[in-house]
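Going by the order they are written in, the chains are A, B, C and D; count residues from 1 in each one.
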Amino acid sequence: MSIPVLEARNLCKAFGAVVAADDISISIEQGARLALIGSNGAGKTTFVNMVTGYLKPNTGTILFEGTDVTGMAPRRITRAGMSRSFQIPQLCEPMTALDNVLVATGIAATGRQSWFRSAHSRADVDAARAILDRFDLVDYADQPVGELPGGVRKLIDIAMALASKPRVLLLDEPTSGVSSDEKFPIMDRVMRALEGESAAAIFVEHDMDIVTRYAERVIAFYAGTVIADDTAQAVLANEDVQRYVTGRKR
Amino acid sequence: MNLALTILIDGVIYASWLFIVALGLTLVFGVLRILNFAHGGLYALGAYSAAVTVGWFTGHGLDGWFTILAMFIAALAVAVIVTPIIERGLLRFFYGRDEVLILLVTYAVFLMLEDITKLIFGVDPYYVFEPRTLLGNVEIGSLFYVGYDLALIGTAIVCGLAVWLGLRRTRIGKVTLAVIAEPEVAATMGVNVSRIHLLAFGLGVFLAALGGALTAPLISVQPGISVSVVIVSFAVVIIGGLGSIPGAAIGALIVGIARSFAVYKVPEAEIFIIYLVMVVVLIFRPEGLFKPIQARRI
Amino acid sequence: MNNTLKVVVIGAIAALALMALGFAMPRWLLFTATKAVAFGIVALGIVTLMRGGLVSFGQGMYYCVGAYASGQLAARYGVTDAFILLIVGGLGSGLIAAVVAPLVARYRGIFFAMLTMALSMVLYGVLAKINAIGGSDGFNLPKPTFAGFAPQDGASDIALYAVAVATASLCAVLCRLYYDSRPGLIALASRENELRVEYLGASVFAVTARNFIIAGVLAGLGGTINAMALGHVDPFFSYWTTSGEFVFIAILGGYASAIAVFGAALITELVRSFSGSYFPDSWQLLLGIFLLAVIVFLPLGFGSLWARRRVTPPPADEEIRS
Amino acid sequence: MKIAYKALLSGLLGATALTCGSAAMAQDDTLKIGVVTFLSGQAAQSFGVPAADGGKLLVAKMNAGEVPAPFDTVGMGGMQIELVLIDEAGGATVQVQEFRNLVQRENVDVVVGYVGSGDCLAVAPVAEELKQFTILYDCGTPRVFETAEYDYVFRTAAHASMDNIGLARYLKAQGTEVSTFAGINQDYAFGQDSWADFTAAMAQIYPEAEVAAALFPAFGAGQYGTETSALMSAQPDIVHSSLWGGDLQAMVLQALPRGLFQRSEVVLSAADHILPPLGKQMPEGVVIGARGAYGFLAPESDLNTWWFDAYEAEYDVMPVQAPYRMAQALLGLKVAVEKAMADNGGTKPTSEELAAAMQGSTWDSPGGLIEMANANGHQAIQPTAFGKTVKDAEGNIVLEDIVRFDARCVNPPTDVIALDWINEGFPGAQCD
């Protein structure tokens, strides 16, 4: 068996008296399509934040492709090959969609960053447009992102995270805050964009319809612990999950 | 007499004066996110109106303790007249804008206040002698202190506690805290946010003017008194943590005692000791001493 | 390379045009224009910082370091060549900025502004103490020479003006190229959303430190030009009101443009000077009204009058269309 | 971007046009004098505005020919005088710029100005470069002519060394015993220099006396509680201060009830201007200097009586040092203008002619005889006086025990650095 692309070992994190992560161990294989579920405060976002370097775990180890990345700054983790999107899209509001992606591709680009080469060189703009195209966003390229609808902003946010060609992409609630009939189109576009990439996609999700349709594997959180980790079908059938997470019998 | 005690007493008197001025500054920042450069101009306005009011009172036979009352009335008058003009007429159009830009707006107000004050009161000095004679002298060790100066310590404590408790114990205070924490939520819950803003700014103006009024007996009230005050009180609120009342108190004490120490021990450093303290504090506490660390929601 | 070429050509034409204009100016305006150009260079540094989301209230410090470094070289060691002095002033202040940069680069907003201001005030206090370099009265320095030439009277004023314009044009061209480049775009992004920039893999700290050093060099160049133009340097160069004037000009110019600050500096100087001459008792009132009017009517500065496009550069640049 | 340059260009052209329109040629029958002094900020009340007021008054009287003899000709050499008033606030940078504007834009014939030492030091070389006849009327630093030579720059008042040498001499003349002394001076050149001169003079006159404390509050500090405690703890016989204006008034008001003035004898080098505003609040027994024989300290003369009364009648307050020094500058200018016109056949004099006429000249002023004796005839020396505060029969503060010093008793001989002269024991001093 090959090395897991991401492995968390015995992660613990407490905020004062509140335990947000209690001995979490998760191993994620290359190219996985994984959903993290759980009610608010169960520890999903804390997990994502720890893995991407926003929070430092009290104890435990995070290995990315076998390398210890525990406590590294977010930008180093991104550089290592693991990036994330945000529940509330983190965009440069007055800048256009294209410029936002250019920022992402610009940062991701390796090699010398010349001061005498325009950021809007033909090659760079073409590459950025290609990324937008993968999300069907070319029409919005020239509009300031602050003026765009919520679903489009979500997708731009994800497109930016994908610009660095990560091996692990964490999506923090990609469909929250958008209307229910937008959810599937958004996820369809995300999944289509991921086709051909070897990236493992880990998404935090509340909508079980989304989870069943897009996740091959589901991890359920409750009170800072993992209570189930299996295929989507198996997890959603789990009694604990039904009691603490989905709150209903399917 | 014990040198340490002298340094402490002198430092605390200076700190009390600083605190009264800085309290209004930090309060206005806490509620409105405005670092108000015009605070210095309002301080000067308070000093001038105290001089005029006290003069009017004594001219009408109301001397003695009435002069203290007159100083408070003067500060109140400045607050009542000036607040609506500056807050309603100008600042409210800038809420939510970049803090540094608003600082520049208040700097413009400060410049205008300088000349307006000069146009109203002229360049000749004004004096307020009487209040400082009311409390007599106190001998501590081999030194005499003026009772009025020592009473500034009490006044500062009363002002600080009144504002601090007022925010925590009264209804309007709790509403104000809600506006500070979650302005949008407070507005949707029916809080009249603009009224809170007006009140908070008014209280800030009152405290600035009161600082000036209480200082008037110590100085000759004339053009140029506003500038040094505002920079020093900026240092105090930055050291303490912007928007924090206990921070302003601690900041004032640190600055006051550091300055007093410098006067006795390293007089050459007095001119920049305050800024040096500010640099050192900021290096170790990037947002001042009393800034709760706020995790950003992502 | 089209963009580079375009910016350089425009910069060169503008420099030549402004130099030619120098011959047509009355002498008092020549001096005011030289001073305004120097102030504009310092303000350009603040504009660079503003593009990274920060405003320094302590640029007077680097302005002062540049002026003192070059001024001492001229007054004490007799080095009067304007070009050498500019290099020394720019590098000297850049060096100090590089030392300070790691200290201030993690600060944001008002705290960055106040920390930089406090540092400049410490320098002010220290310089006012050192009698060997004139204490609070400062010192005078000899007239500059220009690569061996020592022009007299009016010619000297024009020569210095030309050097100032050339320096400013070079700075503006380099800044424009930097703003348009990839690192420049990333700096602009960190103004809008630091968190995102960090999560994309860039260091906002490094962006800030870089901008701060650039601003330091620019302030040093401005300080050197003004030291030469005034023939006098004093600790007031590092006083907070001096820094405040730079911020004033930078806000007036706005962060969209690399050249608006120069117009803003000249207009500010003229407004201040004329109101000071004709309304000596109420020029502060007029200056305050002027400042408020600009903030209210041109919130993004003069630069926004023509450079709004630049804030959100359109994707279809000429390079794509061609 | 093209539009930008166009906007900039049109702005510049517009400004150019504006100047060309306004720069009307100066008339031959008026003398345009640029007067630069503080109209805002800390020095406005104590120095700037009274000096400007005094200048306006004297010019009005000159234009009307109402000044007593020998200054009773109309205007200056028959020319009417026009004043252009400029605020000195903003530091040396702004003042160099405004000086150029005065000369090159406003086309003034003469510049009279500068209270701030830094402004004088910065403006002097520019005046020289522009070949502009310029009178420094007030600033105190000895460095102006000690570190450079000028052809076009004159200072019509003695520099500040006189004030502190005089203070030490006054103490000796009064028989004051001094074993320790302390100083409180503002932390900028004037304060530091004043203290250096005073300690040096004390070392000569009171070689046994020791410094008990040397305090340097910031300029404009306004709060002197700590300093007062420090001075009182040190218990010196003498407290020296060159504080002035609002700072000095605040220091007096704060220290007075705490007994500093009982514990030590306070000597103030430049304090006369706080007597009228403070009135009865001023303590008794304080030694007061005025940086010259001005106001209470002025010698009896018809000119002084006329000046004192005219100023008091106009402004309802007695004239203090600032208007006196402005008056002595303008009177000296009048003498120079008329002398130059006598030499050149009656046309309006050039800067060169004015400089030649003023160099080494002498004239009477309300404060006594002004002699342009030092720095090759560019630096004035003048007599000075000191006195001690006392209440008169009505309880008003006046000065008694007034002691006058000849100009050559308290000013160094020509071309001698003031501090060196003090340290060498005042060689060649002429005290009667």
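The criterion applied here is as follows: a contact is a pair of C-beta atoms (placed from the backbone, for glycine too) under 8 Å apart; a residue touches a chain by one contact, two chains touch by 3 or more.
Being a predicted model, the structure only gives us computed values, none of them experimental.
Enquirer: Counting C-beta pairs in contact, does A-C beat B-C or the other way around?
Expert: A-C
Enquirer: Let me spell it out: compute each chain's centre from its C-alpha atoms, then which one is farthest from subunit A's centre?
Expert: Chain D.
Enquirer: Mean of the CA atoms for each chain, then the mean for all of them together: which chain is nearest?
Expert: It is chain C that sits nearest the middle.
Enquirer: Taking each chain's centre as the mean position of its Cα atoms, how many Å separate subunit A from subunit B?
Expert: 48
Enquirer: How many angstrom between the C-alpha centroids of subunit C and subunit A?
Expert: From the centre of subunit A to the centre of subunit C is 43 Å.
Enquirer: List the centre-to-centre spacing of subunit B and subunit C in whole Å, with centres computed as mean CA coordinates.
Expert: Measuring from centre to centre gives 34 Å for this pair.
Enquirer: Using mean CA coordinates as chain centres, what's the subunit A-subunit D distance in Å?
Expert: Chain centroid spacing, subunit A to subunit D, equals 74 Å.
Enquirer: Mind pulling the residue numbers of subunit B that touch at least two other chains?
Expert: If we look for residues of subunit B contacting two or more partner chains, we find 114-115, 118, 268, 271, 298.
Enquirer: Subunit D: which residues touch two or more other chains?
Expert: In subunit D, the residues touching two or more other chains are 40, 187.
Enquirer: So which bits of subunit C are touching at least two other chains?
Expert: 128-129, 195, 281, 283-284
Enquirer: Given the complex with subunit C, which residues does subunit D contribute to the contact?
Expert: Listed in rising order, the residues of subunit D that touch subunit C are 1-5, 7-9, 11-13, 15-16, 19-20, 23, 39-40, 84-87, 91-94, 96-98, 100-101, 103-106, 117-118, 121-122, 125-126, 129, 141, 143, 148, 187-189, 192.
Enquirer: Quick one: which bits of subunit B touch subunit C in the complex? Just the residue numbers, please.
Expert: 35, 90, 93, 97, 99-101, 103-105, 107-112, 114-116, 118-119, 231, 234-235, 238, 242, 268-269, 271-272, 275-276, 278-279, 282-283, 286-288, 296, 298
Enquirer: Give the list of subunit B residues in touch with subunit D in this complex.
Expert: 1, 3, 6-7, 9-11, 13-14, 17, 114-115, 118, 123-125, 127, 129, 132-133, 137, 142-146, 149, 215, 217-220, 222-225, 227-229, 259-260, 263-264, 267-268, 270-271
Enquirer: Where on subunit C is subunit A touching in the complex?
Expert: Touch residues, subunit C against subunit A: 1-4, 174, 177-178, 180-186, 188-189, 192-193, 195-203, 311-317, 319-320.
Enquirer: Which of the residues in subunit C come into contact with subunit B in the complex?
Expert: Counting only subunit C, the residues touching subunit B are 55, 103, 106-107, 109-111, 113-115, 118-119, 121-122, 124-126, 128-129, 195, 240, 244, 247-248, 251, 281-285, 287-289, 291-292, 295-296, 299.
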